[in-house]
Amino acid sequence: MDIKEILRSVENGTLTAEEALLKIKMQPFVDIGYAKLDTQRKLRQGVSEIIYGEGKTPEQILGILNAMAENGQKRVLITRLSKEKYDRIAEEFELRYSEEARLGILGSKPAPDGLGKILVLTGGTSDIPVAEEAAVTAEMLGNEVVRIYDVGVAGLHRLLSYLDTIMNASVIIAVAGMEGALASVAGGLADCPVIAVPTSVGYGSSFGGMTALLAMMNSCASNVSVVNIDNGFGAGFQASRINHMEIKK
Amino acid sequence: MDIKEILRSVENGTLTAEEALLKIKMQPFVDIGYAKLDTQRKLRQGVSEIIYGEGKTPEQILGILNAMAENGQKRVLITRLSKEKYDRIAEEFELRYSEEARLGILGSKPAPDGLGKILVLTGGTSDIPVAEEAAVTAEMLGNEVVRIYDVGVAGLHRLLSYLDTIMNASVIIAVAGMEGALASVAGGLADCPVIAVPTSVGYGSSFGGMTALLAMMNSCASNVSVVNIDNGFGAGFQASRINHMEIKK
Amino acid sequence: MDIKEILRSVENGTLTAEEALLKIKMQPFVDIGYAKLDTQRKLRQGVSEIIYGEGKTPEQILGILNAMAENGQKRVLITRLSKEKYDRIAEEFELRYSEEARLGILGSKPAPDGLGKILVLTGGTSDIPVAEEAAVTAEMLGNEVVRIYDVGVAGLHRLLSYLDTIMNASVIIAVAGMEGALASVAGGLADCPVIAVPTSVGYGSSFGGMTALLAMMNSCASNVSVVNIDNGFGAGFQASRINHMEIKK
Amino acid sequence: MDIKEILRSVENGTLTAEEALLKIKMQPFVDIGYAKLDTQRKLRQGVSEIIYGEGKTPEQILGILNAMAENGQKRVLITRLSKEKYDRIAEEFELRYSEEARLGILGSKPAPDGLGKILVLTGGTSDIPVAEEAAVTAEMLGNEVVRIYDVGVAGLHRLLSYLDTIMNASVIIAVAGMEGALASVAGGLADCPVIAVPTSVGYGSSFGGMTALLAMMNSCASNVSVVNIDNGFGAGFQASRINHMEIKK
Amino acid sequence: MDIKEILRSVENGTLTAEEALLKIKMQPFVDIGYAKLDTQRKLRQGVSEIIYGEGKTPEQILGILNAMAENGQKRVLITRLSKEKYDRIAEEFELRYSEEARLGILGSKPAPDGLGKILVLTGGTSDIPVAEEAAVTAEMLGNEVVRIYDVGVAGLHRLLSYLDTIMNASVIIAVAGMEGALASVAGGLADCPVIAVPTSVGYGSSFGGMTALLAMMNSCASNVSVVNIDNGFGAGFQASRINHMEIKK
Amino acid sequence: MDIKEILRSVENGTLTAEEALLKIKMQPFVDIGYAKLDTQRKLRQGVSEIIYGEGKTPEQILGILNAMAENGQKRVLITRLSKEKYDRIAEEFELRYSEEARLGILGSKPAPDGLGKILVLTGGTSDIPVAEEAAVTAEMLGNEVVRIYDVGVAGLHRLLSYLDTIMNASVIIAVAGMEGALASVAGGLADCPVIAVPTSVGYGSSFGGMTALLAMMNSCASNVSVVNIDNGFGAGFQASRINHMEIKK
Amino acid sequence: MDIKEILRSVENGTLTAEEALLKIKMQPFVDIGYAKLDTQRKLRQGVSEIIYGEGKTPEQILGILNAMAENGQKRVLITRLSKEKYDRIAEEFELRYSEEARLGILGSKPAPDGLGKILVLTGGTSDIPVAEEAAVTAEMLGNEVVRIYDVGVAGLHRLLSYLDTIMNASVIIAVAGMEGALASVAGGLADCPVIAVPTSVGYGSSFGGMTALLAMMNSCASNVSVVNIDNGFGAGFQASRINHMEIKK
Amino acid sequence: MDIKEILRSVENGTLTAEEALLKIKMQPFVDIGYAKLDTQRKLRQGVSEIIYGEGKTPEQILGILNAMAENGQKRVLITRLSKEKYDRIAEEFELRYSEEARLGILGSKPAPDGLGKILVLTGGTSDIPVAEEAAVTAEMLGNEVVRIYDVGVAGLHRLLSYLDTIMNASVIIAVAGMEGALASVAGGLADCPVIAVPTSVGYGSSFGGMTALLAMMNSCASNVSVVNIDNGFGAGFQASRINHMEIKK
């Protein structure tokens, strides 16, 4: 981090100790009271800023968007954004909206610059909204995404018919509710890392996705790691990180 | 049931009301205090008597075996029988013992007389003890049993190489711990009923088999029903019932 | 499966390797993007196609129905279909609807061709919707169904008065919420396999049916296997499979 | 309570305020540091003193017994007393011991003086230790106890053959593990209050008795109330209270 | 039961065997399809008929009420009856209604004929609806009821000020949510049986009353048994049973 | 407590025993049927009266407010007060209202008289309502409060930039949902006691705040204790107690 | 923190930037590979160093003790130290040992310098080991501790007889298993902060202390906050912090 | 996969259809009854074979090792291998053993060929065994591993002093029990993917690691995905996959 540079400036006399301390404190975010914006995260983490829309009022989201705009942030993804909130925000910002995935998108999709393709699989039709959250997130972070939906394990021939695509993916995002077995089967068929996303699809003892989460956690395939229930965003984010791995020595 | 016959005997004057009441009460079981033996269950339920060995002292089991012997029962299966209890019982009864499956077996295996074969699958090597409990139970109840072990879904090619056997089974018992996905995959590949047995194989969030149980409960295959964790006996019993279905009009 | 036939066609020169691979991939389902339809499942699994209505938009369901119609599928059961979705679909397809059981039915009920009768029992009046889902499913799959409702174990005389019917059933579907004891009692009274369906009927520590599910799992009757909470469809499907058992050698 | 009497003594001048306060504080128990003995509970609660043996050292139990002896307490029941602790205590006190029920008994069984009989039922043989804890507790508190063991609901004819005894009981203690359905069936057959005791008998998803507890909680019979898992003592105690009801106006 | 009488009638020639069997089957309830009414339960169980209103349609409830009326039942309590259902039923039956306790009451309150008074305590104001369900149930079953509300343990002086009433009760119903400690404290203060009713009052980790249920289950007072969360009816019913204990020899 | 004084008055003859008993019973609260008001708690506990608004009708709250007014209570905090209830109450009492924190406030904020400042931290923007409940509660109880919001641990630099404030707080209230790690990090950075408040912010396996609660319970920082999910009031109350510690010898 | 001082030294030229960075990194702990010792925590947190003994080998603990000795730390508390580990460590360090509380103590107890007394209460005799962990921890951190054991709420008169001591405490640590009601009752009686410690004392549905934890979490007393099950150390630590509050402006 | 090649061989006449089918079935694994060995997985998955040692007998492990040896596999990692099993296996194979991590290692560590370094962090000393399982696994799969242990979040300065190493890692494995906050903090500090491993370190409400698992699942850092409790192997495996990402077009 830049603490070294700051210290050197003190050493050089460019900064006083007080100024340095102030710099350390003031620099990395903008404080708008109810939120502290990581205006430098784009640099530090290599990605666009994301706003988690749930639990924020439209006014708070607008405040954040304005602060970002002032800091030059042009590409923003708002997750878990209800239609009502979108309508209010769209009065002030030119936001595209995916109702299915509850995503608000500011700015254009960047050109893909990852190592390969991210493959998004779903067990059923009902898992598609979560899969779309993952897919769009990955696209907004610079990845090429391939979607294959409704290929649950109770009809293996459907999944097997896409074996080439599966074998060729760089990262797989396996989105499934109910018993969540898709992650294990995909993990066994593929070489690449699999990010498993349990969904709340199901009823009764599916416990809002907890059964799928636990099943994925206990996958007998070793190349599977798991994110939270319905967390399409997290899966897309982590997959993008993996798809942008670089040589570090 | 025979209540009709008993009533008719009262009508005929063959029995007094008191005698009839006594008959209804005394007939169907032998009471040895700590246990009430269904000496007629062989007829009523079409199967040999089973003793659940856990939580009974060797003396109690011996008492039950003796009472059964007096009622002419020659074929008995004792489940969840520890080696220690077996050693004590073997002093008085000529019992075969499977330490792996913790089964004590009195009498010979009957000739198979079911509709077809019962196929027992396991996800891994560690699931074999439970699978053997299921397989031996089914054999003792008059079924031909085929075993295919260690064909978990993370290596689908292993399972798929037995596709003929799977397609040809009358009933499948799918025994698996961890994420329990074997039941769904087998259910999707096969036409026949699948009895899923979750096992306590696993660690951490497998919760002693509860994760596998829940996953099997939420199977996306519709021909799957589930028995308790590690309940190989119940699966073998239910599979045998299904494999002995008859025309009832 | 037909992989053997396909391979033989390659050997015969009837098919090239590429054509064969294509055949394997393309044959078993129709891909309409958000869903992959098992157009051959009727043959492979011996049953009509079922659509799980929850989590699908009316438009998606219509798309699936149209694809099925094109493939000649005339008998379709749509489960968990809300009244709203039904109204939309009924504009284009001549669908019968059971609001109680949330079932949409396309095509007529087939003539029963099973081994015997499937008996559907409920513990209470509130369990009837789930029982109806099971009963109608079984009827649509070619089974004669007998219904006895509100015979919970706290009033045993009610259940016992149907002892003849119970003893004569081929398969029993025991539908109960609260403590779910009906499955154990029915299992003890009957010779045949019992499929237990826990329901979400109850309150407080019934945990939306989980208590009934666990109780059924731990049934002291050995001829009981269990499906998911409120899964009337699965119970009807599995019971139908069992009621259609054939000799397989 | 006697606060009224104490206050009157102050009013009378028999006691000073300080003496009264002292009396209130010192009277109802004897303090031996690690335990505060309710030496007056026999009067206040109408029962003998009980020592919960688990988590106490033999020395602590001896200390309590000595303090009780000094206060004239001759009839003591020690629950959950391991054989090891019993052996140590038996060196100093003439204690009878039931290893099965883990009970240490000081003094003789009193003559029964309740309204009627307490009936103790168990689902299986393995539930007997808990049932014995209940039965002996009730006997030590002045009740006549009838035991009927191994009458689980999967073999209803066994339970029904004791219908007279069931109909004639004053209180029923239903002891069962696994699915715990005995409580509901007994509750439906009987007029009297049923105290249900779930036991930890079972495996897998019986969760150490929690499944039975929940099932009993959700009993469809209204005359059932429940105590903790394996709490035979509590059931015997509560049943005794009910069996000793008196007219209070 | 009357099976003895029926058998004697066969013996006497008053009944044929077929007639007897029919009698056994037909007598104890009226079958209206979706419900089986225990028209004799009033005799057999000593109480009026109760209808559990939840999960039944107004039409079903009306059908049951009509069948009851035909059988001469004049006093009926309908529990968990929503205002909407009440309004529909009130068009045909003269029903009193308690919106707070969601109770519909047909017929007058009987004169109390129990051994003493049933005391209903609540921890807080929010527990009152459940307490009222218990209190009215007990009153409808012939008990004198005393209500003391909002005497939770965090303000012990409030509870202690009613010590006389507590000491004088025949049965106590302790209704509390949150940590449910009221049951233990009341159990310690009183001689009589305590029926604990956990309520769903609370938030966060109160888990809809499960925390209170578990706490009550683990009460350190031995005269406490527990019914389901919010089950005021069950508590009132069980308390009434206890308050109507008779000498049985 | 004053029992000593009362006893002395009896001793002095100022009070008769009956009067004394009456005094003990009548004094500490006002009974308005559905509620028992601790009119002296202000003295005994050193704080203003709080009304828990949930589960009380507006009429009940008004009744309580009136009873308080009659007892001279001028500063009242109503927690979990919905807008609807507020509107009704505001017709009769001059109540300020915070919709975000669902607080109704009667009377003015007292001057801070604590040992130091109470610092309220939140992990995110969505935690602010709970934090405000804590902050306003603490202010109403006489504390100076500092708020720092949206300083979750995934962006440590945000939290670290307030290190001075953290080091200088007397008590910290750490409000966080999701993984609840803020409590541990704050606990490690600060010397003072930390009261952790898990919030229901999150989704999927956050289980309505239970994950945060458990994480906080298992904090590796030793100066952390925890209150219930979303219990901002409790945290503010406990923090105020700590901030008002006095020398007691 | 000292970052300001370090920066000033850079400004003064006393330190170079590199030296400063090194200082920040190296200063606050000693790294012995498997552990990083907070050698300055005594200053920073105002307390002696604590070693959590569970999960560490005796060799690791010795290594840590040696590193501490080298840094001049003379007073160390080792929690959850088994007898076996103690024996090994006692060969090299003069350690006192409390087997009951599993504590190893190096160095003498400091003179109490807190605001008042810390009162440790237990519900039963079995809770004493956890209570001792709390009490000794508090004593080692400079507090006067008063112990009152076995004053559970089922015998309120026992607790009430210590009312003076309770009213006079600065902080109360309420240690209880089973239903954990002691915390609520103590919280209601006392003015001071209560730290509740659930214990794993109990059986069945006590779930190893989780029932007590949840009950304490849902306490209706507002001055209660909770630490982990059996976490006597944490309670003693937090209580000490509270008992050492100072004026901070 | 090679199905295309096999089909082409049939087309060429090199293989008959039967031979081809046989090839598909026999090729990818060796069947030794209780296990099916993926002898080609090294090629297909790019890694050495792993044997999960738990639940396998030493004889079974030896059988698998022998079958592997026959297939030329020279580098094998046996996880969860107890000392007893190791001793037996070491009689026949030259196995290195890490008792701490319960790993048996056959063959030498390969030269690292990943993109960068894998950093393994632990929260405490007790987490080291799981961390070592992860670290050794990663090393055996060709990765350079850096270990930093005992840097839990309650002492942030310890973690921050390694900021350079953290910022420079390619993948981070965060191993922590208790509240598991290390994953979130590391995720916030680093750019790279973080694999979180919850451990069973803790007590009480840590629930054997489930609290840490849930906390990690709900991490507010988006670059965190999670594996099962104590699954060091899975973390090392997945991290290795990520560290060996290649360009795929």
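A, B, C, D, E, F, G and H label the chains in the order they appear, each numbered from 1.
Note that a residue touches a chain if its C-beta (ideal position, glycine included) is under 8 Å from a C-beta of that chain, and two chains touch if they have at least 3 such contacts.
These numbers were taken from a predicted model, which means no experiment stands behind them.
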{"item": "Third chains touching both chain H and chain F", "value": "A, G"}
{"item": "Contact-graph separation of chain C and chain F, given in steps at minimum", "value": "2"}
{"item": "Angle of the C-alpha superposing rotation, chain B to chain H, to the nearest 5 degrees", "value": "90"}
{"item": "Which of B-C and A-G has more C-beta pairs touching across its chains", "value": "B-C"}
{"item": "Fraction-based call for chain G against chain E, same above half, different below", "value": "same"}
{"item": "Averaged-CA centre spacing for the pair chain F and chain D, given as whole angstrom", "value": "41"}
{"item": "Between chain F and chain E, distance of the C-alpha-averaged centres to the nearest whole Å", "value": "37"}
{"item": "Per-residue multi-chain contacts in chain C, two or more chains", "value": "3, 124, 155, 204-206, 210, 213, 217-218, 222, 228"}
{"item": "Interchain contacts, given as pairs of chains that touch", "value": "A-B, A-C, A-F, A-G, A-H, B-C, B-D, B-E, B-H, C-D, C-E, C-H, D-E, D-F, D-G, E-F, E-G, F-G, F-H, G-H"}
{"item": "Parts of chain F lying in touch with chain G, wherever the complex brings them together", "value": "1, 3, 44-46, 50, 115-117, 163, 167-170, 191-193, 195, 213, 217-218, 222-228, 233-235, 237-238, 241-243, 245-249"}
{"item": "Complex contacts: residues of chain G adjacent to chain A", "value": "3-4, 7-8, 10-11, 16-17, 20-21"}
{"item": "Complex interface listing, chain H residues touching chain G", "value": "124-126, 128, 149-151, 155, 157-158, 161, 201, 203-206"}
{"item": "Complex contacts: residues of chain F adjacent to chain E", "value": "24-26, 28-29, 33-36, 38, 41, 52, 54-56, 60, 80, 198, 200, 208-210, 213, 228-231"}
{"item": "In the complex, chain A residues that touch chain B", "value": "123-124, 152-156, 178-181, 184-185, 187-189, 202, 204-207, 211-212, 214-222"}
